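Structure first, then comments.
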Amino acid sequence: MIFQPAIIALLLAAGLSLFMLLVASPFAVQVIRHWDIASGSEQQLKLERLTYLFSTLVAFVCLVQILAALLFVFNADKMSVMFVGAMCAVGALNVNAYGFPALYLQLALFFLAALWLAINHADSRARDYPLVKLKYLLLLAAIPLFGLSLYLQLQYFLGLKADVITSCCGSMFSTDAPTLASEMSALAPQPALLGFYGTIAAAVLLSAWHWRQRGDLSGYAAGLGSLAAFVAAIAGILAFVSLYIYEHPNHHCPFCILKPDYDYQGYWLYVPLFAAAAAGMSAGALRCFSRRPSLVHVVPQFTARLAGIAALGYLLFALVASLMIWRSNLILLD
Amino acid sequence: MLELTNIRKAFNQGRHNEYWALDGIELAIPEKQVTALRGPSGSGKTTLLTILGCLARPTEGRVRLKGEDISGLPERFLTEIRRQTFGFIFQQFNLVRGMSAIDNVILSAYPTGRPRKDLLLKAESLLAGVDLGHRRDAKVEWLSGGEQQRVAICRALINDPELLIADEPTANLDTRLSKEFLAILERLADSGRTIVLTSHDPMVVESDVVDFIVSLRDGKIVDEK
Amino acid sequence: MNTWIEKQRHLIDFTLASLARRKGKNLGLLFIYTLLVFVLASVALYTHALRTEAQKVLAGTPEIVLQRLVAGRHDLIPPGYIEQIGRIRGVQKKEGRLWGYYYDSVVKANYTFMAPRDLKIERGEIIVGPALERSRGLAAGNGISFRSYSGELHTFIIADVLPQNSELVSADLVLMHEADFRAFFKYPEGHFTDVAMSVANPQEIKNVAIKLMDSLPDSRPILRDEVLRTYASIFDWREGIMLALLSAAILAFGIFAWEKAAGLSAEEKREIGILKAIGWETGDVIKMKFWEGLLISLTAFFAGYVAAYLHVFHFDAILFESVLKGWAVLYPRFTLPPHIDGLQVATLFFFTVFPYTAAVLVPIWRAATTDPDTVMRG
């Protein structure tokens, strides 16, 4: 294992998050079994009081997960100097079989955390807390994922050996490797460009539509649009945005753009992108509850705002990407 | 204005020292009138006030505010209603020491998010209304008992409540100050506010200001007039 | 939106006033918190600066250094050895280097003697590093004598002193003419200490090393990247060990913060009760306390970090350099180039703010859920 502060911090975050959720779980079970909003019994009052603690606690855990996702990538990038063949985060993550799964799970936890916070927000604005049981069910369901995340990170960090020769972005995203990532990278620039801008424009329009109209249909459409735009955005970054940033016709890496060598430009892309995707998909998911009587007014208002955030985020993302392409000296298309 | 049906309130429910402080209260608080609760110590007056004022939820029974059932609401919404509808005056004036009079007055409006400028204006006019305009920046612990209570009254009024609730408002005041308090109470009643208070003090309960008297004993209403 | 912002402003106002009302208690917490950040940040900044310094130094060194081994020990490169290597694809330049260590019994320190190729030095003259200038009180134009290992006394005139920056490597350097070097150490003509090679393409380095091993089985190629990695992991490791030791401190701090947050004074409890009674909701109190924690955390973090920055980069980390540095005795002071790293700030933030928040969460909640009717019962 490589004994390094950022790694300890990550493990600490994962461990403490899991611990907090485990502490919360008996309470979640209690809520699921005994919650009765109409009752004034002391048991119910106690449960209601505890919801404050656990909402705060879970919100804190979610926040930590979001930060941890950032730190994880940041750290992988930093560690790359220690491995032969690693030039950026990809190389460091490829040192053993647990790196990428750990990253993917961390990202999944980020989206789940965002969704949970959105549900929590909507729920606490309805007078009868209609989603309280669902919320805590979700929490219970997420605990194994948090455990898995800790396990993967432990395996990954314990398995880091500095003498391993790893393969980096050059091979992983090279256009003829047999991976999904390389398929995306291999997309011809022109159709990729069209698909990229087309999907993102669609997501922006759908989200803006829902922002104005607040209906179920537009809500689901905005959610799906956000999902599609997220995939398209990642594919676009792999296929051509990264090329323009590196000004190199074959370097398809989504991580190197985070490096100081490229002025951390990647963060300008990823922060709006992830915020928009989380907001848009949460908006779509929340529409499932729009027919609950007490949520009839809460959900549309909230999803409209989320859709607004998604529209702005994607717009910002597209603008930043375009700016990077425009400023670049690389010419892919005439 | 406020209707209570079959209200019961237990303390230490389910334990050996379980105690029912209220047991089957039926009560309607009429609008724009002054209602006084009286009864021996321990009869449940304060407990009833906390339920009337949405400070606590009844263990059983329904509370209706202007026809709307609010008994099952979680604290978050109950507090919102309480802030908009009720003003409280306590026996111990319950001011925050170390803060000025005017800051104490606007304290209960903080969660509403109204701009500070508006709040200060409003608080100034309220303080001026009880002859405390000149003491607005004094720390509350330097004020006399009567002045403290008037600050507390201003605080109760900052959110423009329709209903004022006072628990033993004169217990810490001498006769002269109690009279002053009654004068203020009369003005508030005349301005169209509903008022509910508890008191042991015959001077308060039997004054002309009070329209209704409700007597409690052992958590039950024994008399209404 | 506007009312939301106004509300947060009110809450912050209240928090600030309330912090000011309890100066003693809060200053104590702030002090301990700042101290923790200061110590952790000093460790992190210091090791990081050493690491970047080492990297910078190594960046100027050749990609491959070739040593010859005799019986497993480093030996001189004999004449003709370099030619034996022949042409290897990718190697741009190869040249023999002359350097060695000299123990100065006067100040009980080691110097590095070196005969540079690219620097013109007259016979009988030397150029010295700043540490030497300090320890022996030398200046350009002075003379100095060294007794060589064979017992003779050699006298040199100091032609120049190397500049201060990047003292870590140049501090103990003594540069001299090749002939002087050979005479001083009785180095046979045509022999060298080792061979430096530069390789342009980083992908090639590994292959070059393999070919070297093939053609000269008694040689040991040392790759710069490998040294870099070793350094990096040694520094990381040291930093990690320090932090692990300090985690006891973090834990103690967490307990301390918990105590502080849980041990609300009667006055504070009363205040929260009042707030609850006059229309604040549990969530409002939690938010207020959240702002309080944030203000304390940010203040402590900022103050601690700035103090650590000054400590490391302006006061040469006087408080614990002996623990962390471990270089030769010759380095009584050296100035590290100031450097702030994003990952490091983020990590530090995790190590301090995260435990603090985790520790105060439960006590805050407990205080915030005070029943609003408590103030009605004397």
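Quick notes on this structure:
Labels for the chains are A, B and C, by order of writing; each one numbers its residues from 1.
Here is the rule we use: a contact is a pair of C-beta atoms (placed from the backbone, for glycine too) under 8 Å apart; a residue touches a chain by one contact, two chains touch by 3 or more.
Remember, it's a predicted structure, so these values are computed and weren't measured experimentally.
Interface comparison, A-B versus A-C: the higher count of C-beta contacts falls to A-C. Measuring from the average of all protein CA coordinates, the nearest chain centre is that of A. In terms of their C-alpha centroids, the spacing between chain B and chain C amounts to 63 Å.
If each chain is reduced to the centroid of its CA atoms, chain A and chain B end up 49 Å from each other. If each chain is reduced to the centroid of its CA atoms, chain A and chain C end up 33 Å from each other.
Across the assembly, chain C contributes residues 282-283 that each touch 2 or more other chains. Each of the following residues of chain A touches two or more other chains: 49. Those residues of chain B in touch with two or more other chains are numbered 75-76. Those residues of chain B lying in contact with chain C across their complex are 46, 49-50, 55-56, 75-76, 79-80, 82-83, 88, 90-92, 94-99, 103, 107-116, 155-156, 159, 167.
The residues of chain C lying in touch with chain A in their complex are 44, 206, 225, 228-229, 232-233, 236-237, 239-241, 243-244, 247, 282-283, 286, 342-344, 346-347, 350-351, 354, 357-358, 361-362, 365, 368-369.
Only residues 2-7, 9-11, 13-14, 17, 21, 267, 270-271, 273-275, 277-284, 371-373, 375-378 of chain C touch chain B when the two sit together in their complex. Those residues of chain A that touch chain C in the complex are listed here as 2-9, 12-13, 16, 20, 49, 52-53, 56-57, 60, 64, 67, 70-71, 74-75, 78, 81-84, 162, 264. By the touch rule above, chain A contacts chain B in their complex via residues 37-43, 45, 48-49, 124, 127-129.
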